[in-house]
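Chain naming follows the written order as A, B, C and D, and within any one chain the residues start at number 1.
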Amino acid sequence: MANGKLSEEKVFKDPVHRYIHVRDKLIWELIGTSEFQRLRRIRQLGTTYLTFHGAEHSRFNHSLGVYEIVRRIVDDIFKGRPEWNDEERLLCLCAALLHDLGHGPFSHSFEKVFHLDHEDFTQAIIVGNTEVNKVLRTMGDDFPKKVAEVIDKTYQNKQVISLISSQIDADRMDYLQRDAYYTGVSYGHFDMERILRVMRPREDQVVIKNSGMHAVEDYIMSRYQMYWQVYFHPVTRSAEVILTKILHRAKHLHHEFYTFKQDPIHFYSIFEDEVTLEDYLRLDESIINYYFQAWQDEEDPILKDLCRRFNNRNLFKYVEFNPNVQMMTLIELTSLFKKAGIDPDYYLVVDSSSDLPYDFYRPGEEEERLPIHLLMANGDLRELSRESEIVDAISGKRRTDHKLYFPLDLIEDFSTKRTAKKRILELLKI
Amino acid sequence: MANGKLSEEKVFKDPVHRYIHVRDKLIWELIGTSEFQRLRRIRQLGTTYLTFHGAEHSRFNHSLGVYEIVRRIVDDIFKGRPEWNDEERLLCLCAALLHDLGHGPFSHSFEKVFHLDHEDFTQAIIVGNTEVNKVLRTMGDDFPKKVAEVIDKTYQNKQVISLISSQIDADRMDYLQRDAYYTGVSYGHFDMERILRVMRPREDQVVIKNSGMHAVEDYIMSRYQMYWQVYFHPVTRSAEVILTKILHRAKHLHHEFYTFKQDPIHFYSIFEDEVTLEDYLRLDESIINYYFQAWQDEEDPILKDLCRRFNNRNLFKYVEFNPNVQMMTLIELTSLFKKAGIDPDYYLVVDSSSDLPYDFYRPGEEEERLPIHLLMANGDLRELSRESEIVDAISGKRRTDHKLYFPLDLIEDFSTKRTAKKRILELLKI
Amino acid sequence: MANGKLSEEKVFKDPVHRYIHVRDKLIWELIGTSEFQRLRRIRQLGTTYLTFHGAEHSRFNHSLGVYEIVRRIVDDIFKGRPEWNDEERLLCLCAALLHDLGHGPFSHSFEKVFHLDHEDFTQAIIVGNTEVNKVLRTMGDDFPKKVAEVIDKTYQNKQVISLISSQIDADRMDYLQRDAYYTGVSYGHFDMERILRVMRPREDQVVIKNSGMHAVEDYIMSRYQMYWQVYFHPVTRSAEVILTKILHRAKHLHHEFYTFKQDPIHFYSIFEDEVTLEDYLRLDESIINYYFQAWQDEEDPILKDLCRRFNNRNLFKYVEFNPNVQMMTLIELTSLFKKAGIDPDYYLVVDSSSDLPYDFYRPGEEEERLPIHLLMANGDLRELSRESEIVDAISGKRRTDHKLYFPLDLIEDFSTKRTAKKRILELLKI
Amino acid sequence: MANGKLSEEKVFKDPVHRYIHVRDKLIWELIGTSEFQRLRRIRQLGTTYLTFHGAEHSRFNHSLGVYEIVRRIVDDIFKGRPEWNDEERLLCLCAALLHDLGHGPFSHSFEKVFHLDHEDFTQAIIVGNTEVNKVLRTMGDDFPKKVAEVIDKTYQNKQVISLISSQIDADRMDYLQRDAYYTGVSYGHFDMERILRVMRPREDQVVIKNSGMHAVEDYIMSRYQMYWQVYFHPVTRSAEVILTKILHRAKHLHHEFYTFKQDPIHFYSIFEDEVTLEDYLRLDESIINYYFQAWQDEEDPILKDLCRRFNNRNLFKYVEFNPNVQMMTLIELTSLFKKAGIDPDYYLVVDSSSDLPYDFYRPGEEEERLPIHLLMANGDLRELSRESEIVDAISGKRRTDHKLYFPLDLIEDFSTKRTAKKRILELLKI
């Protein structure tokens, strides 16, 4: 049975947490499964490496990090406290390790184009006929289901859930620091060690001792900055736009019975909306890259052009654009693109990003968020934004940004359709 | 013509050098070529990510770093000194940026199996019919050739060569720090800023002011530690061994007219020893990964097994083994492996690593190395190991390490051939 | 004349900026003056080392740092821009280096008790009969006056002033990072290199390119956190309270003709409100420490007790206390302290801290602040809080904190005046 | 009794170890004693701050660091191992915390001039009539003596001693990292976390698992570099030379019945070789600085000049000088200094530094060193230099450096004694 200790602790050298410690046989065996090793072939930040060249790290990297943070909380901070049930320990560790297991290649775009949800696949891998499931079942037949419930946020003990997914969880704490480390930006720093030291288990949640409030403020500001400086960087979004359009085009060609030189056999079931777990697990970013490179030599000019752009980082340019108030301009541009022989379905794209840095609980809202609670010296709990002026100032304020993407090089090629293109540039104010 | 300045300086955020600055149009255009962008799909450290999970960075990453170091030396330290000819500036920057251009996927193994040399391909890309060549030629018809000569170490001005390849060059200074950063080990630190500040151009070489000797000592020790702690790590070598054997097996099967389910079309010309530049440039690590995953489902049990091992990090184990004094054991083991039904050609591998941390000039030696010269206060030059006790102590001392690799799981499977396998374990002293 | 270059650049190794570079003879000679070397004997953060033991760094340390930042701005960013007059260069460097020259030992408390102003002394040192003045005069007879005007914010070129003192100046950028480094807190990080790169000289001010807005947000948040986490730390304030009371007591005893065992000859002119520049320059923190240690053995019980507390870090405890709404409690406590034989003039102290993280320009306000202006792509200037939601949220919001300090050990000594002391503890809710 | 736990753990923010954790009441109370707080007024690196301005940190700082390292070893690594007796825990922690307690101001010079030994004072403070002794005695009457024995290396359990003082002890591991941090040099980095993880208690010593050998090599190289780059820096030694001569001069004047304006009452008993513990504890660097500043105005020209030099960092210059082979030159220089009216007893000083980076055990040697032992996989112990080529190369090799110090400004003042001074410069080859 896997519920034992390794004869000798295993350690991974990790640039963010220095060392990742594995003492449980169960964890060691989960790391060795093919489904978990597959995460090495899926980048943590999708196309961000085209903006920040250092961001080439994988989800494998991040998953180990989340595991390590939860391990430290559970083993160093919670252990022995009356409000904590140490029997939940392995469940927490497994959920932390496996929480991103269902991510596909370039998840964001992939899910949008094919109407998939990586969370469904995470569930499916954990409870399905997989190596991961086999390892988990050594802990009991219902153990995989419990792990799946924690990740799905339906597990009855909300303490456990809030370690893995809440507004201050191990997932966010790892990715902010890790993504900052690999991109090289200075925004992702906050005093995690301090935050861990002031985390306390309470009924149905994990709370933060009031003395750690400023470290939490700093964490929330880090998150805010990382979203706008890294995750929503307009160059990254340009690459995403192209990636999305490649997938759309390939699907479209498939449905049009186009004859591919490199037949997309890995995509058949996805294009047909009949994807199986087995098919899904075969996909990773090296497979996608394989096709994108092969498709550079297809006959179809759009697929070929978009793949070349993606592979050689010849991205779309952008301008600020608010579709709500500039609808007429968009309609005119669409028409002009057609006149100019540049298909607007693939070459004129409005992309929007939106983030809510922190929010307290607003019942009935679309996506209910659990607030961060501070544990006061007298034992009371206080919602963070009531104590912190900084957090109060940004609480509940959603920020949205819209941009319009287009291939400037094609538009500036005046050898054809000069008039339409000139007019396009005028409308874009370039 | 590309020999101009960009209207606005471009910067790349880099975790190692903070920022990489590009002011020259020529450099910006080289970075944009498909041959240079291809380096994003080739990892800097091959299979090392299977040992140090953080080491997922690409050669693109490193190439920018080498460029930046040379740029700082030339623009901040050498500029204006009488011994330096600033007309060599762009040549240095191009050679620095492009010095690794010819690397293939998992170069080390690839070159060994197929008798290729990445340096030949670097030359071929620079002088051949490529985007890189087209950009370089904007500087004059003989400019690509000069860049190629610098990288090939045949250029007449040895100063320029020693910036890019010597015992203390921009290449080594970047990779030591970068590989340390991504792996997370603490060994790669040395005071590069200090070394750069004390570099001086002299006839035929770059020398180091004596006041920087200790920083150089520290650099040499960093290099020593990185070789043994990271580059020659036995787990990484185990992955290399498997990778090598996969390539051997595929080539063998191809020559045996085996019918692949996933036909290795990308490898045809390589298997036939007739590789062209065009074929070579199509290869990268996503292509290799594509095949390795497909081959997990081949009929051939060896190819299939080795690919599964590689993809799921189920590596070979190892023991210390000196082939010079243990030849008889190796012969006996080979025979026993055959008896046990485990093909020793693929499953019993001696692997050796060897490094010479520093050496002074020894004329007539196989690989002549240019020594590091210190510039004394009185203007004299002194070879480093004459001044530094530490360097003298390790100078010219080659260290070699031999290990024997094998699949312990197969050997420990006693369901068949129990006697032979027991005897194998005895010989391996496990 | 000092307006020359050193034959060889001098460098200082600095943990915050890596190296501090001095090329100008003038700067080198200023650093060598006795008035500047005196800053080595005055800590940058006064009593903070009693809370954060690492914060033992001096104002010498910080002054070099401010100089280096201004040097980088002027030499690397501003040089050659049409809006910048490079003849102001040395003036900027001198003002940066010397801006804190007039600080006395534990300035904050010292100035409060003796009604002194370190800025007056900075002016006096620069224009008075000092080594610094002599060095500055080598640049022209009116040069010292110009340096003094920059520091006094009366110089006609406001660009120069805003480099040294504005809401985003070299002074703040150095001390935030430096104080974070020495205390070890994680709050002082922001991307200074980025901010420097986007600083631009404009008429009457230095502005920030809009692309650097997020780095500025991060800087403002760092400043906010450093104020509340480090500079206003209640333990540091407790030490300040005691220090202040020691100085008060010594002055009081002097005016009462008390016979000191260690006569405070260094303080005579200060106690008499007749301090001269010469007397002032004799003071530093080793002198103060000398007296505080000697006074541990004085007859006067209050002076003796307070000095022992300060030297051995036996500080006052504190509770939250709002003097505006708790005036009656304070009156009652004062009366009870008297009853308990604990002199409330020295042992019951309300201390308040207050900070305004950022503000735009509000004409007519007590302390007029120049706002930070962003330089938009189209050349317009926009005040920071109009562009940044985060900054807008905290702009103009003053935060104030009040605490009541008292010697808990004396109150809890129930061997005398038990009833009064019990009642004191009740009122303090301890 | 102090042998209890604090109701809440206390933490100190430390820039080197992030946090220092105190759970034991005993430790907390020791930190609060006046003898331990006194260490805040004694710099860790004496005059080094005159070379590296960041090196202003105190021995208080370092002592907490050594304590924390030992705490981690004992609590996280040794606890529960059969070779370790956890009853030694508090003894180790106390010895670590207090090991430098007897250091005086600028210890190195002070001890040399006055023939004192800080180790004697450490012993005296621990067993004498002090606050520290009173706190220690709460653990039993013989506990102070045991702590003193550990520090004196006479305690029977050599395991405990080797944690605090051996060739790889907590003392060295803290100061290398801490001094590197505060000076800002890049040499002091090594992977302490790794070393701690592989430390194992064995009979009579602490050994290192063989897998950590490279981290130990790196530590030894760090130490080597720190000695030559920081601790023996010639500018620091110049300040030491002046400091030493000031103390000599003051003692000399005292014995000559010179009438000081600032009478050295704190030094009386030291000058008379009759120092008591009480007198000694009154001394710290602020007291010394007080005198040095006062003495700037003495009548005696030598005392006055040397103090001004020290306070204003107007140090002696130096040349390489080997007293063994250049004795005749030294004699001639001495004579010329006299002729030139510059007293050679105070102004012509040969200073030597010497270090032995590592040595194995050589019985009968003057200072016996315990070697570092590696614990091999098979349980054997192997002396480090037998396994490590790098360490073997430098093992037992003492490096010595001699310099001659003199006041160049006085010699270059040709207004008097021109001929003698010219000849001095010739001999010094300046």
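Keep in mind that, in the parts below, a contact is a pair of C-beta atoms (placed from the backbone, for glycine too) under 8 Å apart; a residue touches a chain by one contact, two chains touch by 3 or more.
Note that the structure is predicted; figures quoted are calculated from it, not measured.
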Original post:
Pick the pair with more C-beta contacts: B-C or C-D?
Top reply: C-D
Original post:
Taking mean CA positions as centres, which chain lies farthest from chain D?
Top reply: A
**OP:** State, to the nearest whole Å, the distance from the C-alpha centre of chain A to the C-alpha centre of chain C.
**Re:** 44
Original post:
Which integer distance in Å separates the CA centroid of chain C from that of chain D?
Top reply: 32
Original post:
If you average the CA atoms of chain B and of chain C, how far apart do the two points sit, in angstrom?
Top reply: 52
Subject >> Per-residue multi-chain contacts in chain C, two or more chains >> reply: 18, 185
**OP:** Please name which positions on chain D make contact with chain B in the complex.
**Re:** 185-187, 189-191, 194, 214, 217-218, 221, 224-225, 228-229, 389-390, 393-394, 397, 399
Subject >> List of chain D residues in touch with chain C within their complex >> reply: 12-16, 18, 32-34, 37, 40-41, 49, 52-54, 56-58, 60-61, 64, 181-185, 282, 284-290, 293, 308, 311-314
**OP:** Over in the complex, which chain D residues touch chain A? Could you list them?
**Re:** 11, 18-19, 193, 197
